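Two complexes, one shared chain (chain A), two partners (chain B, chain C).
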Partner chain A sequence: MAEVTFEHVEKAYPNGYKAVSDLNLKIEEGEFLVMVGPSGCGKSTTLRMVAGLEEISSGALSIGGRVVNDVAPKDRDIAMVFQNYALYPHMTVADNIGFALKLAKTPKAELKAKVDQAAKMLELNEILDRKPAQLSGGQRQRVAMGRAIVRSPQVFLLDEPLSILDAKLRVQMRAQITSLQRDVGVTTFYVTHDQVEAMTMADRVAVINRGILQQVDPPQALFDHPDNLFVAAFIGSPSMNLMDARMEEVDGRVVMHLGSQTVAVPDEVFTQRPALRKYVGRNVTVGIRPQDIDDAALETQHPQDQRLRSTALTVEALGFEKIVYFDIDATPVFSSDALDMEEGAEEVMSAQNTRVAARFDAVSGVKVGDDIEVAVTVANSHFFDPESGLAIRD
Partner chain B sequence: MANVTPPILEESVTPQRPLEDFQKPAGGPLVLLLRFAVALVIPAVIVVFFLAFSFLKSDDANKLAQVGVALVAGVLGVWVLYWAMDRVVDLLPGTAAAAVRPFVFVGPAMVLVTVYLVYPTVQTTIFSFQNADSEGFVGLDNYVRIFTESQYLVAIRNSLLWVLIVPAAAVIIGLAFATLADRLGKRSESAAKSLIFLPMAISFVGASAVWVFMYSFRPEGFGEQIGLLNAVWTGLGGQPVDWLGSAPLNNLFLMVILIWLQTGFCMVILSSAIKSVPDDLLEAARIDGATEWQVFTRVTLPSVASTITVVWTTTVITVWKVFDIVYVMTGGFDGTQVVAQQMVQEFFTNRNNGVGAALAVLLFVAVIPVLIINVKRFREQEAMR
Partner chain C sequence: MTATTVEPGIVERKTKGTRAPSRWPARIAVAVIAALWTVPTIGLLVNSLRPAADIREEGWWAVFPNVIDAANWTLDNYRAVFSSSTGFSNAFINSIAVTIPAVVIPVTIAAFAAYAFAWMKFPGRTFLFIVVVALMVVPLQMALIPILQIYTNFEVTGTFPAVWLAHAGFGLPLAIYLLRNYMGSLPGAVIESAKIDGADHFTIFRMLIIPLSVPVLASFAIFQFLWTWNDYLVALVFLGTESQSQVLTVALANLVGNRGEGTLNILPAAAFVVMALPMVVFFALQRFFVRGLTAGSVKG
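Presenting the complex of A and B:
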């Protein structure tokens, strides 16, 4: 076990394209760090640099205090799980798992014991004699995991290991991988484009976009306090509703104009974010999570001045809740980068109106076409500088 | 006749047919007869065509007209024939049509295979038990001869050496080139591969003609040495050597020619196999602690093993049949004879059909194990799917 440290690490290609810029990050010993970002953001490149499969253009990468920029993959004492598993098709499951040990000239008895132990952890005992072609997707995934853990390496590297599994299996494997990692306690660097994986598995999540690290925090902190627009839009599903707002002081109280509608901004918002005071009388980007918007019919106690009116355009009943989409006439704000990965982003986008997603309680009786009143918990809103896109805090 | 292509029209013809046509094909002797009939009609018509257009073989006829007629009658005619036969089958009652139709398309090919492959094989086998003029049976005499007389035994020994050495050398060199070329840049890779592949385009006789100058040797008094190898050798201070006259190494020198010809083929096929090994497999091995050599021997090589078998067996068959190189370079003298070359010599120089046929049968039998390996491998591959 060891920590992994990136110091000003960069990856630039001969054509000048920078896949990773000035990356500073420390993965603590035994930590499960998930790097998440849209496709092409440099996360896989980062992982491959740790693996030694990609050269580091500048900066220093160290594993366990040793700078490994020029160390060959085989000498880095790392194990990697590939997206497509990369199981050796001509070897049995046992040989696949034991390959690294065999190359390391481990004595036969010890090798067999270690393979058996790994197989036991992953429930592969029954299929040790099979070839990869005879395995199901989930089994292959577990063999790939077995190949990694059998070596007790310093660092695990996992490159989107669940992306080719079907949805149900993915949820199972998510839990299995995290519990496995806790059991063996090896420093783990996990790369994915799926923010749900990131949120559910990680000790800390590193959000990266366009080769630039955006924020590193534990999942809840990331969700509650996104540093900038990109992180705000990227983390959470459905995404945070982001729109232009104008803050004004009326009769000693601050209100926020969202298009033609107005909501009051309670004082606690400013006590939490003193810096927001400066934005009174100016435009600000406000972000409201879907769960902070509820059916006003169910929230009768909700202050009257923290409500919005609109018409329900779409209602997605999920059983435990209803996702309701409606438009309000505030100008939408997009983190353009986040849009790339949001499926159906065009639908959400309409020039003048902001399409707002809200999570209503399942008991809400809202139907498509209904005029609705929604209760907005303004105190939970997020505020960003419209110029820099950075969160306004203190 | 040669322009009868194996029919592959089946797919394009089937879709319009009602499904029940395929579900319960009729049986019975009449259907069997019809199947034979439709299978034979097309080859028969082609033979008639062939005879009818005998002016095509006349030297006096206008060449352009010949080409035109051959193209129209050959290509369009064959298409019309298949189409017409398909229509004729339509006239049969539904189930009978379904039973007979496949034979419209497969039949002619089967007939041609029978005429051109099965019949000659049987006939050759019969010849091998007959005397030189194929007039009376002599039992196993011919076989006894080829397995006792020294010239044939040397030929068999040489052929075995060829089969051991040439495919091994061609595959190993081809594999080495394929692996090394894979590490080059795109452009230099294709340039290097083209160079290695070039000899493939040369006929065996042509290649032999080139190599005659490599190995050329003139005894004293017969002019200056013009051979490349002797130029190098004498340049290094040696005396001119009669490369092709000095047994047993002259066999090796002949094999070099075929290796030179076959390496390109092996390299191209193996190269595409190597390229199809996923990169992450190699990367996984590197991370697992393998050196580059171990990556090659433990991952790349097993991944391309089945391709190596194909290339190897294909080359083995080519080697068994090698005749031209020996014929052109040494004529089989100085202990360089091989089975195929002896066979031609018996048939056409010595006019001994019996021994020639016996050698032919020997070749045929020798190739069978190779074919079995290939078929087995093919079945395994199918089973993997």
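Presenting the complex of A and C:
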């Protein structure tokens, strides 16, 4: 076990393209850190630099206090699980798991004991004699895991290990990997594009975009206090509703204009983030999570001045809740990066109107085409500087 | 396959074309070609088993009315082929002595080279590879005289190593090209995984690349075997026609040249002896032509 430290680590290609810029990050001993970002954001490059498969252009990368910039992969004492598993196709499951030990010239009896132990943990005992081609996707995934844990390395590196499994198996393996990691307690660096994986598995989540680290925090903190627009839009599903708002003081009370509609901004919003006072009379980007918008018909106690009116355009009944989409005429704000990942998002967003997603309670009787009134919990909103995209706090 | 991007008429024709009725012309064509190619060989086989007098008097098809008559068949021709006067037994051994190293040497060298070209990073890699591939353009015949001069200077003309080297050299460009392309298509993640597992280049080569490249190694080995076994020109130039060193093809040619008409009865048998080993090799190795050895390593 060891901690992994990135100090000003950069990856630049000969053509000048910077895949990773000035990365400073410390993965603590025994920690499960998930790096998440859209495709092409540099997360896999970062992982491959730790593995030694990609050269580090500048900066220092250390594992367990030792700078490993120029250390060969085999001498870094790491184990890696690849996206496509990369099993050795001509070897049996047992040989696959024991390959690294065999190369390390481990005595036969010890090798067999270790392989058996790993196989037992992953319930692979029955299929030790099979070849990878005879295994199901989930079994291959577990063999890849077995190959990693059998060596008891200092660091596990996992590169989107669940992305090619079907949805149901993915959820299952998610839990299995986290519990396995807790059992063996090895420092783990996990890379994924799936924010749900990141949120459910990680001790801490590192959000990265265009090679630049955006924020590193435990999942809940990341969700509750996104540092910038990108993190706000990326974490959470459906995404946070981001739109332009104008704050004004009317009769000693601050209100927020969302297009042609107006909601009151309660005082607690300002006590939590005094800096927001400076934005009164100016434009600000406001972010409202879908779960902070509910059917006003169910929330009769909700203050009258924190409500919006619109028409339900789409209703997705999920059984335990209803996702309702409606337009309001405020100018939408979106981090263009966040849009890259979801193709077709542009169709949903028109330039004039903001398509808002809301999570209604399942008992709500809203149907498509209904005129609706929604209750917005303004106190839970997020505020961002329209220029810099940074969260307004303090 | 979207109908919107293609003119409707074309789509219709295409779907019609892939339907069952169109199979038969292809099958008939294949059958005809196969028959045309096989009939002379069958004729040769039949003649090789007939008495000398019969061969001289009538064509091989004349045997068919009396196929079961034992008087029509004999193994004398084969006995004659292997009699010491023809030097065929010796030539058979020589052919094996030439062919086996002439296959093993280029396959071995090409495997190492192909791995380096595919998976090792070194300056000038692409340029060197292009040079190697470009060598395929050079006609063998053009190189014969210069090489013969060099061999004569080193006094190796007429020795087996001279022929091994020549065959290896002429076979290498294609071998490297084929093997590199195959090895390059092996999943990179598997090799990276092995690196992390603690393997160096030689271990990766020995434990992953070679086992996974068996199909291409076998295919090339078969090709190289057939070329060198059937080769007449290279062996004639570098090994000569001395009876103790001549190979089968040269011996066969001598059979015609030296004895003319008198050998008409043993020629078919001799030709079949020459063909025997390639057939054995082909059928023994053909199972390695299977594809999909990498199945299960990486998904998709």
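Odds and ends about this structure:
Please note the rule applied: the second predicted complex is superposed on the first by the 393 of 394 C-alpha atoms of A that agree within 3 Å, B and C clash if a C-alpha of one lies under 4 Å from a C-alpha of the other, contacts with A are read in each partner's own complex, and residues count from 1 in each chain.
We take it that a contact is a pair of C-beta atoms (placed from the backbone, for glycine too) under 8 Å apart; a residue touches a chain by one contact, two chains touch by 3 or more.
The shown structure was predicted, so the numbers you read here are calculated from the model rather than taken from an experiment.
Superposition model on chain A: chain B and chain C are shown in a clashing arrangement. In the superposed model, A:Phe270 makes contact with neither chain B nor chain C.
By the document's definition of touching, neither partner reaches A:Phe334: not chain B, not chain C. When both complexes are overlaid on chain A, the residue A:Arg140 reaches chain C alone and has no touch with chain B.
In the superposition on chain A, A:Pro132 contacts chain C only, with no contact to chain B.
Taking chain B and chain C in turn and counting the residues of chain A each one touches, the greater count comes from C.
With both structures placed on the common chain, the touch criterion links A:Phe99 to chain B and to chain C. By the touch criterion defined above, A:Ile164 reaches chain C but does not reach chain B. In the superposition on chain A, A:Ile78 makes contact with both chain B and chain C. Using the contact criterion defined above for the overlaid structures, shared-chain residue A:Tyr88 touches chain B and also reaches chain C.
Of all the stretches 3-11, 57-65 or 255-263 given for chain C, the clashing one with respect to chain B is 255-263. Once both structures are placed on chain A, chain A residues 51-53, 72-74, 76, 78-80, 82-84, 86, 88-90, 99-100, 103-104, 133, 147, 151 are touched by chain B and, in the other complex, by chain C.
Of all the residues in chain C, the ones that touch chain A in their complex are 187, 189-190, 192-200, 203, 208, 211-212, 293-300. Residue ranges of chain B in contact with chain A, taken from their complex: 278, 280-281, 283-291, 294, 298-299, 302-303, 305, 384. Within the complex formed with chain C, the chain A residues making contact are 51-53, 72-74, 76, 78-80, 82-90, 99-100, 103-104, 131-135, 137, 140, 147, 151, 164. Contacts from chain A toward chain B in the complex involve residues 51-53, 72-74, 76, 78-80, 82-84, 86, 88-91, 99-100, 103-104, 133, 147, 151.
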